[in-house]
Amino acid sequence: MDQQLELAGFYRRVRQKTEALCKPLCIEDFGLQSMPDASPSKWHLAHTTWFFETLVLEKSLAGYQSFCSGFRVLFNSYYNTIGPQWARSERGLLSRPTVEEVFAYRQHVDLAILGFLSEELPAQCKRLIALGLHHEQQHQELLLMDLKHAFARNPLRPEYAKPDQIGLGTLPGRQNWIAISGGVFGFGHQGAGFCFDNEEPRHEALVADFEIADRMVTNLDYIEFINDGGYQRPEYWLSDGWAMAQADNWKSPLYWQPEEGGFSQFTLHGYQAVEPDAPVSHVSYYEADAFASWSRARLPSEYEWELATERSGSKGALMDDDQFQPRGLASNSVKGKVHQLLGDLWEWTRSPYTAYPNYTSHPGPIGEYNGKFMCNQMVLRGGSFATSECHIRTTYRNFFPPHSRWMFSGIRLARNVE
Amino acid sequence: MDQQLELAGFYRRVRQKTEALCKPLCIEDFGLQSMPDASPSKWHLAHTTWFFETLVLEKSLAGYQSFCSGFRVLFNSYYNTIGPQWARSERGLLSRPTVEEVFAYRQHVDLAILGFLSEELPAQCKRLIALGLHHEQQHQELLLMDLKHAFARNPLRPEYAKPDQIGLGTLPGRQNWIAISGGVFGFGHQGAGFCFDNEEPRHEALVADFEIADRMVTNLDYIEFINDGGYQRPEYWLSDGWAMAQADNWKSPLYWQPEEGGFSQFTLHGYQAVEPDAPVSHVSYYEADAFASWSRARLPSEYEWELATERSGSKGALMDDDQFQPRGLASNSVKGKVHQLLGDLWEWTRSPYTAYPNYTSHPGPIGEYNGKFMCNQMVLRGGSFATSECHIRTTYRNFFPPHSRWMFSGIRLARNVE
Amino acid sequence: MDQQLELAGFYRRVRQKTEALCKPLCIEDFGLQSMPDASPSKWHLAHTTWFFETLVLEKSLAGYQSFCSGFRVLFNSYYNTIGPQWARSERGLLSRPTVEEVFAYRQHVDLAILGFLSEELPAQCKRLIALGLHHEQQHQELLLMDLKHAFARNPLRPEYAKPDQIGLGTLPGRQNWIAISGGVFGFGHQGAGFCFDNEEPRHEALVADFEIADRMVTNLDYIEFINDGGYQRPEYWLSDGWAMAQADNWKSPLYWQPEEGGFSQFTLHGYQAVEPDAPVSHVSYYEADAFASWSRARLPSEYEWELATERSGSKGALMDDDQFQPRGLASNSVKGKVHQLLGDLWEWTRSPYTAYPNYTSHPGPIGEYNGKFMCNQMVLRGGSFATSECHIRTTYRNFFPPHSRWMFSGIRLARNVE
Amino acid sequence: MDQQLELAGFYRRVRQKTEALCKPLCIEDFGLQSMPDASPSKWHLAHTTWFFETLVLEKSLAGYQSFCSGFRVLFNSYYNTIGPQWARSERGLLSRPTVEEVFAYRQHVDLAILGFLSEELPAQCKRLIALGLHHEQQHQELLLMDLKHAFARNPLRPEYAKPDQIGLGTLPGRQNWIAISGGVFGFGHQGAGFCFDNEEPRHEALVADFEIADRMVTNLDYIEFINDGGYQRPEYWLSDGWAMAQADNWKSPLYWQPEEGGFSQFTLHGYQAVEPDAPVSHVSYYEADAFASWSRARLPSEYEWELATERSGSKGALMDDDQFQPRGLASNSVKGKVHQLLGDLWEWTRSPYTAYPNYTSHPGPIGEYNGKFMCNQMVLRGGSFATSECHIRTTYRNFFPPHSRWMFSGIRLARNVE
């Protein structure tokens, strides 16, 4: 039961955190959907609740009364095993249920789950509740990503949080290369703690010697790429990336605007100057790859990234720091270490998102959590300022399509050993 | 000044009516945009206010301080003469200004206009204020149309108004044909009262003898068309209409759903059975024309409609009746008259929307009000249950593209005299 | 039988003319389809033949063996009464039947029709054959329009005909206005000769006094509009036209290219300088209307055009002149007449294409010829250099959507009498 | 020089083979483009010639006169380093150059290359000519794929080759699993022979024990999947695959049509019954993966495929056999071997197409050959009946996007060792 007490505490903290993130919102903001890939805040609030209701309470709590039968469809994201889904691109059309009703839904489910947790539960139930909480932590980050995307479309320039100073004011020098020697090593999750199924099974793989940059790519680095014609020179780009950049007229990372003498960017703190020392963010895989080619380097594989992190990783900003953008590396950072690996920004790897050897997805709806997305996406590692510290791991595999830019994504370089 | 007092009274009534129409809404409802053609309620509230601010106060009231400079672009609908416009299809993305701010904007402008009206004003100013009020009455109807469209998309089936009994329960017999003898007659607005520029100049035209139905087409009439394969028989349809019906899989009017033994429909009172005696609504021009062909009749021209109305028109439900759908014709309606001409539903005519002979549009922004839309649209006449009585006239020309169905549109038949 | 002999002669001439128009083509050219609105030359050759086979031979010639059963679908343009149709946008995918096979198809049908015409035929058959020939004359013009569109896409710049001098080298002065007094007049076809059903019935209409330009708008006139910012000034444009011009980035008529000091244009004679004195062509209704607004004039209605032509019309180039573009007006043209009314270029009128009063379409497939297109199109009058003299009439009504530009269309101005 | 003599012989054979493949075509067929991904036969003939002209003759043969300067753009596929390209989706619009001119272009370049080869050439030139020939062999297969796609759209059902008996009439039993033991092995090309840059560098990788099917999946196997609701059960599908299957209404492999009691399919020999024993073809990666899931197996990785082929591979039909579809496995095939690995059909692997460790692309245009496509595609291995024997290798990596179906693709299963 101690473990359940702990789980109940974790439940309370995560659920409260999600609601705390909504504090700055007007009721009108909760319904915004600025593109099919993004969801309204209200939908995130309800869907994470739906997860507990549908996968835990309706399956395992005898006599549980669902809050509203229509929610089963409305807040199902993509679980075909559970049934039909309200179209993703039309989530913004749902003025009802109201925000107040969604908060009532959350309370209804919270009471049920916390009551449920006061009894001795089978391991499978506890695993599902833990999964639901990690799921909600993922949606906390999505909520911020999606809200930023929607706010950026409004010419009145709403601010999610008060203006904040980013960057530390000390320009980092050129990155240093840290050599990592290769060999056959184990990768993927091991041990008793929580992990997603895509981090398993632990397996061995052969990695060659390589070098990895001791810091992320900064805005200043990236501006050099822009100024050198990076967006006009197809020789640096993947074919699909070049086509996308032309079609959508990319000239800089998402949210940047050219200004006299530099760039400004839309942030969760409103419009700000692009700080040279902060890590560049809101780049697609295509841009990350083109930048790497221009730098005569490459992106690390996810194995290389995991190896480097285990040997020498250091942390940057995480959600526990309550800041809403990445920060530059402190000028007194220790030399010889690989900095900013966990936190600050998700780092694009060169690894397509595929199943680990001998991976099998779970039966039932939980099997749809990760496995069916193992195609057309690239792996990102390390978490961002919008990731809770208790949520991130060195084996954690995030994934997005190579053209996506609205995530809190950044770049770290690697290179071959000659 | 008496005329200005009257205008001030009209101003108060119209502005209050708009806000009264919003009473049933939750804050979340105000931002809904369910298609590019439809606008959020909040946008209607703001745009009608923008009209007074931009065309009256900023031009003619010395020292007027605009409420928020960004609104000039955000709430400009289509006036190129005034400047750039926020994209129509993205009106739903504006969570800010909030509903509260938009009501404050209305109050700010109302105070300024009513103050302005307390001084002696030039005729042009008074004409613009009157135009602004008729403009707002148009948007009252649009607000209901757009809200209905958005609510219809929500599977939770919100109701704008409490359930209401439609139909009078007395099935009308077959329509009767009223003969109208032709000749050269005057058409278009004359006299001192308000009219839109597209109703002018008064001019003569030759109309042949014709016959017109003494009532609108009912749901029962239309169901016969459906049951006779009307939506499967291209011989009744215009080519563009048939293509549209196939592409969008039309099988009935908008908002209808087949049910065991009949149809139900989404209304501003929620889902209801389709009442046989009520006039059929939410049909496109294509459907109206196909129904007429199937009936071995045709739609009236706008001249025919105007002539019949002047000779023999009777009224149906108007906004002043505070009901939110058309009603069936009373069984004791006088024979020999042409009923339901004003009110109930806008009636499709066979007339493309073009300029009257010798029409010229006004100079400046007001010239963009009507003239530039004189292409690709068909004229509808007579107003609907969502039109104020003081807003409709026998010479009033409404217009929509032939594929549009979300207006409160209906069908009246005419036929040639052999 | 004399009438049939004459019809047989007409048949031979029209059918030969179509094939003569194909002389300059390589086999590869016959299959080109450069947009869904345009058809391959091979398709025109086959479809015009299909018309005779399907509507005449298969219906009325006992024992007729169709050439290939698959053609019934493949070469049906839009006759739902006859059956399914091969998708319009995929006509270019049919490498088979080959060109040789299509010519064999023509010969097969020609023999049958000419044999058929050697017997005494019922009037309805003769009417259908005459209709088929006028139909084929329409397709002769379409064939040239479509081929020009396809050739214009090829950077190797194929020439349909050898370079030819256009313009007469004498710049016309400003146009003169010819006053026409109004009244109630008869419009539409009368008499025994051939006409399409949309020219009937003859009926009366009231036309006000007006003035009409004595010549078409020239390239020089139009260049003044361009140079005065015509394509950048929304105040001259219909709303739909402005949206189209922005979306498709129109800066000049179709086929024009800016060159140092002027414009060149793609013609059926290859690339040529835009001659100042030739009438401007390949303009949409939107451009014609915007030009007229900029000129403080308007387009004539189709009644006005018909009236002016009957009173005072003169001819320009027609297909019988074997030239493949319009010519400038001769400098010694008689003053006081309205020139270029028949031939040179189709003239946009301000009249939407609708049914004449008391029009009824024919029963059966022929009823689909014209009636079902009476929506979303504007009337053009007068024929072009690609219209045979025996095919054009003052009552002839051509029609195209207002955005179309690939026809041989031009502009004539009219204006109100103050 | 012996090596050059051999190269000249290879040149002649490959170039003649391409032209021999065009023997069955009518001139009209050469221009067909049925989708943006497919190119006209004429374009393949010209582009493969352009490769030699642009990359060899214009760079290295002093005084070479290019055949037509416009071809530099028209027949450039995707080489940004060389310059602009005619839009891929508009290759079908080029009726000129004619087929005859393209054959003259081929002859012009052939004479120049063969003359060039009679002198002693630097190694780089020879390497480029060899690359050009392997490039042309790839286009031979594309030419057949693209032609099949275009012919399949024609309801007259053209046949590329005379009807041919497929299948051997002996139904194979269930596949057998061949166990392969894992370890660290070398992968990728080694030795002096030709290879593409994406097969290099040779490198080591760790592969776990696995089992692989001794034959490809047959039509009979696949029909079981269909009959078991494979296309209606999302639990077997990748998310993107399921969305695609729904959007495009997939119910069977491409080119299949349901018939009473089974399926027929369009082949290069015209319509034929689907033979149970032949390997299933024209499946996307999504279908291959869904079939594997339904089979409780998976697709092999490209390393697994390469390992199995090196240990135990056997050949199926190749282009040298002059047949235009895959054949079933002979009933007397040796047990214990892995059959059909080279030839018959390309086999989908589960490996995304990425760079091998330490891969670097060549400088200049040749660097665009493979490297820039290393995203959003999956690796296929082993060649098909349309691949020449001298063109295929065990290390050969073909690649297509996961939704593509018009290639000659098939399925082989693998599974984990428990």
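Letters A, B, C and D mark the chains in the order given here, with residues in each chain numbered from 1 onward.
The working rule: a contact is a pair of C-beta atoms (placed from the backbone, for glycine too) under 8 Å apart; a residue touches a chain by one contact, two chains touch by 3 or more.
Everything quoted here is computed from the prediction, not taken from an experiment.
A.B. asks: Identify the chains in contact with chain A as well as chain D, in label order.
C.D. replies: Both chain A and chain D are touched by no common chain, going by the contact rule given at the top.
A.B. asks: Centre to centre, by mean C-alpha position, how many angstrom separate chain A and chain B?
C.D. replies: Chain centres of chain A and chain B, defined by C-alpha means, are spaced 47 Å apart.
A.B. asks: Between chain B and chain C, what is the gap in Å from one C-alpha centre to the other?
C.D. replies: Spacing between the chain centres: roughly 37 Å.
A.B. asks: At what distance in angstrom does the C-alpha mean of chain C lie from that of chain A?
C.D. replies: That pair's centroid distance is 59 Å.
A.B. asks: Among the residues of chain C, which ones contact at least 2 other chains?
C.D. replies: Nothing qualifies.
A.B. asks: Output every touching chain pair, sorted by label.
C.D. replies: Every pair of chains in contact is listed here: A-B, A-D, B-C, C-D.
A.B. asks: Which residues, counting only chain A, touch chain D once they are in their complex?
C.D. replies: Residue positions touching the partner: 78, 80-81, 184, 203-206, 208, 234-235, 237-242, 285-286, 289, 350-352, 354-355, 357-358, 367-368, 372-376, 402, 416.
A.B. asks: Name, in rising order, each residue of chain B that touches chain A in their complex.
C.D. replies: The touching residues are 26-32, 34, 70, 73-74, 86, 90, 92-99, 150, 153-156, 158.
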